[in-house]
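Below, chain A partners chain B and then partners chain C, in two separate complexes.
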Partner chain A sequence: MNNEQRTTNLDFYTYPSVGTDDWCYAFETARVRALELQMFTRAAFLDMANAENFEQAADLLSGTEYALPGPGEDFVQLESILLLRRTAARKIFSDLMRQKSIAELFKTRDDFANLRLALRRTLTEKPLLNDYSDEGNVSLDLFEQAFTEDNYELLPTYMQQAVEQAVLAYYQNKDIRQIDFVIDSFQADYNLKEARRLKSVFLIDLFGIQNDLTGIRTMLRLKFTESHSNVRPEQVFLKGGFVEPELFEQALELGYESLAPLFFATPYYRIVEAGASYLASEKSFLRAEQQCDEHLTGFLKSTLQITAGPQPIVAFLLMKENEIRNVRLVLTAKKNNLDTKLIQDRIG
Partner chain B sequence: MDYGMTLAFVGAGLAALMAGIGSAIGIGIAGRSATGVLSEKPERYGQMFIMVVLPGTQGFYGFLAAFLVMLNLNFFGEGGAMDVSVKLGWQVLAACLPIAFAGMMSAIHQGKVCSGGILMAAKRPEMAFKAGVVYAVMVEVYAVLGLLVTMFILLKGINWPTPPA
Partner chain C sequence: MLANVNATRMELLRLRKRVALASRGHRLLSEKRDEISRRLIKIARQIQPLRERVEKELLETCRRFMLARATMEPEHTKAALEVPTKKFSLAITFASVMNVKVPQLTKEIAGEIICYGFATTSGEMDAALLALERALDSLIELAEKEKQARLLATELQMTRRRVNVLEHVVIPELHETIRFIFDKLAEAERDNTSRLMKITDIIRA
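The block that comes next holds the complex of A and B.
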């Protein structure tokens, strides 16, 4: 059975396989397990969500790695602490990952994010600016040089092709969303291609799930904004997931109440059911986003069955990034005096 | 050195070598896991120690079997090692195989079980002995059985010739 067939086979109930042990990673896995002890629990997030105001929520961070240096510190400082923690988590990941090609694969996320931002600015004739992430594989100097000189051959091959396709797609009808669709598609293809080259069952399954969850989010957004007639479904929905893109296309034609039965035979039934009904009643994507995060986290947590291997290290990175996002999300919501119930709905 | 003696030494060597290799691999696995946890939680050293050393016992079992062979061949006695027939050589070699193979395989797998136990002890220290050590000892049982079979054959099954006066 080849990998192409494998990723579209739903031969599991909730989560696909995470692969097998690799005993070279005994030290690295153990270190990650010890680091996981410092991670936030759901109860800690709920306490923050239930805090009366931003200051009280920020106080709950004292004694954690996100603690503000002094009382009365502002949100800007907290943001810089969160960025520092994210950089630290990524450094731990790079240090512990023995297969450097896996570390580089995860760094391409920043490359694609930079590319998306730069293309949006360039094609809409806005200044390029210099607020890009420096945690990718491509140095910022090289990146800036490629865009200021319009010499995209300086970029790695996978980025060159993405640039060409994104520019072509944008100029077809000058729709800015086309840039995102093309880059998302290139990124998904690249991830899966690299995962197959590395012969990593875990990464193939992880990227498959991520593609499916992106498909669910996109489908709900297109339905909600009723803009699916303006886009070509085959371009919008990512291939390489466990669910065929045709299922998402079919979902676009149905009402919210018919979405869940359509996904009944997939592992995403609960996500679609909860997300669609919340969207229909509350006009909000909060529940769908929360369910998508929970599903991915559930898959990452299933790496607990691995005693030694790269899987727990990848899982640690993604869960840590998710934790940082959630801290930012709760505190931003508190800063803007959002209703506690909304925050609870988002963090689950 | 005659053929029989060579076979006997191969047996003794295999017992010590294979069980020793198994123990080294097992301790290596458990040790790497333990250092990973200790790099973040040094206070857990006591809990980790027993799970790191457990896979080392098979190496001692192999050494014990090899020592018994050498002792019965009067290796350390006056007059030097006795003459060993080909038949006796084969018997000694066969006697050493249970601890050689059971020792090697059980030590490697015990190292993996201990590694799992160490990871669990990192998150749930109260389970370190109850599950981590007890499960590892379950694997140890099969190395002990291998050693017992080796010892029974060496001590009861073989008619050792009388050492030279």
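The block that comes next holds the complex of A and C.
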């Protein structure tokens, strides 16, 4: 990024640019617009949240793709339905995305998740097992072979580098968290590098926002757990966002009430203000996470101005995944008789 | 007891010693029973708020964990909790309370409870694990107190039965036997006296 023109948070008010139209995607965008009409509205989630019990909340899903096959179904079945819906959404995304490199970029999320799990198991000498996600770019057979034979050259280059760095970081002081820190950081760098290679303004901005939001959540979590002395800030704050990691490091030294003014010049002022005050009063991250999701969804919804292009397709995938998470949240909360206010605080 | 007893002075002396011993045992056991009761009540009073606190903390932990699990992707939840880094061991020593061996638990904890990165996990997971860590202290204390209470209650029950047996069976039976032997000996004494008087009368006549 050093030699490139870099967008800063001073170049936009709330959301950065989503790029320009690409008329190759006219049909695909039209399909996504049609699919978006079937997505849940906030009112539908609120109705579910206000339902008296789990059965009533599940009834509200009966006319949707999340409908349970029969009454009295257990929660495991619901989980599998939600996973199927997620797989279907990802398949639609892959089919509609004409630039296969973008589809592969989003599939690397599963590769990195698998890598994280496999490395944790391998380095702590636990059985490798075979319960990995099969929605990544690397097939499970190849993945298993690479780890069984310790031959990481079978993996794609980006995974080889991640493995190498993660193993080195782990053996420095045998801290299992180092694996995650390295892979998170590597994944963020890789996403941005690929987005730049693809010359996609939308993806660069999307990953930038995601890095910033992760930084905000991490900063609040480090403050809450009072563990910022145990980790090095440069390890946990992802680079490549619109906010410099130094700002998060600076925030670690301040009290909750002083956090929001620090972010006043950034688009995240409201997130930090609402998240920090809720965290201070309720000792919970629900509001911070809800605000982060809402900010990201707001950015994704700004792709409505794109008539045709890959942006609405990416936005559809991420919003669909968010919808699935929200359905799971509401039903989990209803199943376990959690307070409606908690659900409302989380889904906004 | 009465059927097998030899009505002799030796037996009477032996039984009197046994009554003295049983009475002393009864007094000591009564004191032990009272002391165990006092300690049991004290522990029971501590257990009630402790149990309420533990249940509240565990409920809070579960609530937070469910929220975290619901908002995270399943593969991220699995990866995050696959390798726990917190090492926990429990050492048990025994203390003697009124001759009852009660356990005393000492925990040894090492490592951080948060064992994952931040990018793919929810903050609620941190809150859940920290709540669990807090609940663990109370949970160990509760386990120790409940075990102590259970052992003391068992001992109290046994002691109370012993006291009751001494008070209502052993000591009354011994008293009854003593009275029986005393009566027998007195009767024999009277028999002897009357026989001697009769012999005296015969000799004089």
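Here, the second predicted complex is superposed on the first by the 340 of 348 C-alpha atoms of A that agree within 3 Å, B and C clash if a C-alpha of one lies under 4 Å from a C-alpha of the other, contacts with A are read in each partner's own complex, and residues count from 1 in each chain.
We take it that contacts are C-beta pairs under 8 Å (C-beta built on N, C-alpha and C of every residue); 3 or more make two chains touch, one makes a residue touch a chain.
Quick caveat: nothing in here was measured; it's all calculated off a predicted structure.
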| item | value |
| --- | --- |
| Joint occupancy of chain A by chain B and chain C, clash or fit | fit |
| Chain B versus chain C as contact partner of A:Gln165, first or second or both or neither | neither |
| Partner chain in contact with A:Arg33 - chain B first, chain C second, else both or neither | first |
| Partner chain in contact with A:Asp131 - chain B first, chain C second, else both or neither | second |
| Which of chain B and chain C A:Ser277 touches, first, second, both or neither | neither |
| More chain A residues in contact - chain B or chain C | C |
| Which superposed partner A:Trp23 touches (first chain B, second chain C, both, neither) | first |
| Touching partner for A:Thr307 - first (chain B), second (chain C), both, neither | first |
| Contacts of A:Thr266 with chain B and chain C, given as first, second, both or neither | neither |
| Touching partner for A:Ala188 - first (chain B), second (chain C), both, neither | second |
| Smallest distance from any CA atom of chain C to any CA atom of chain B, in Å, after fitting | 29 |
| Intersection of the chain A residues that touch chain B with those that touch chain C | none |
| Parts of chain C lying in touch with chain A, wherever the complex brings them together | 62-64, 66-67, 69-71, 73-76, 78-80, 82-83, 85, 112, 114-120, 122-124, 126-127, 130 |
| Residue ranges of chain B touching chain A (in the complex, touch as defined) | 29-30, 32-37, 39-41, 112, 115-116, 118-119, 122-123 |
| Chain A residues touching chain C - in the complex, by the definition given at the top | 79, 83, 110, 113-114, 116-117, 120-121, 124, 126, 131-133, 175-177, 179-181, 183-184, 187-188, 214, 217-218, 220-221, 224-225, 227, 230, 236, 238, 283-286, 288-289, 325, 328-329, 332-333, 336, 338, 342, 346 |
| Chain B-facing residues of chain A, complex | 21, 23, 26-37, 307-308 |
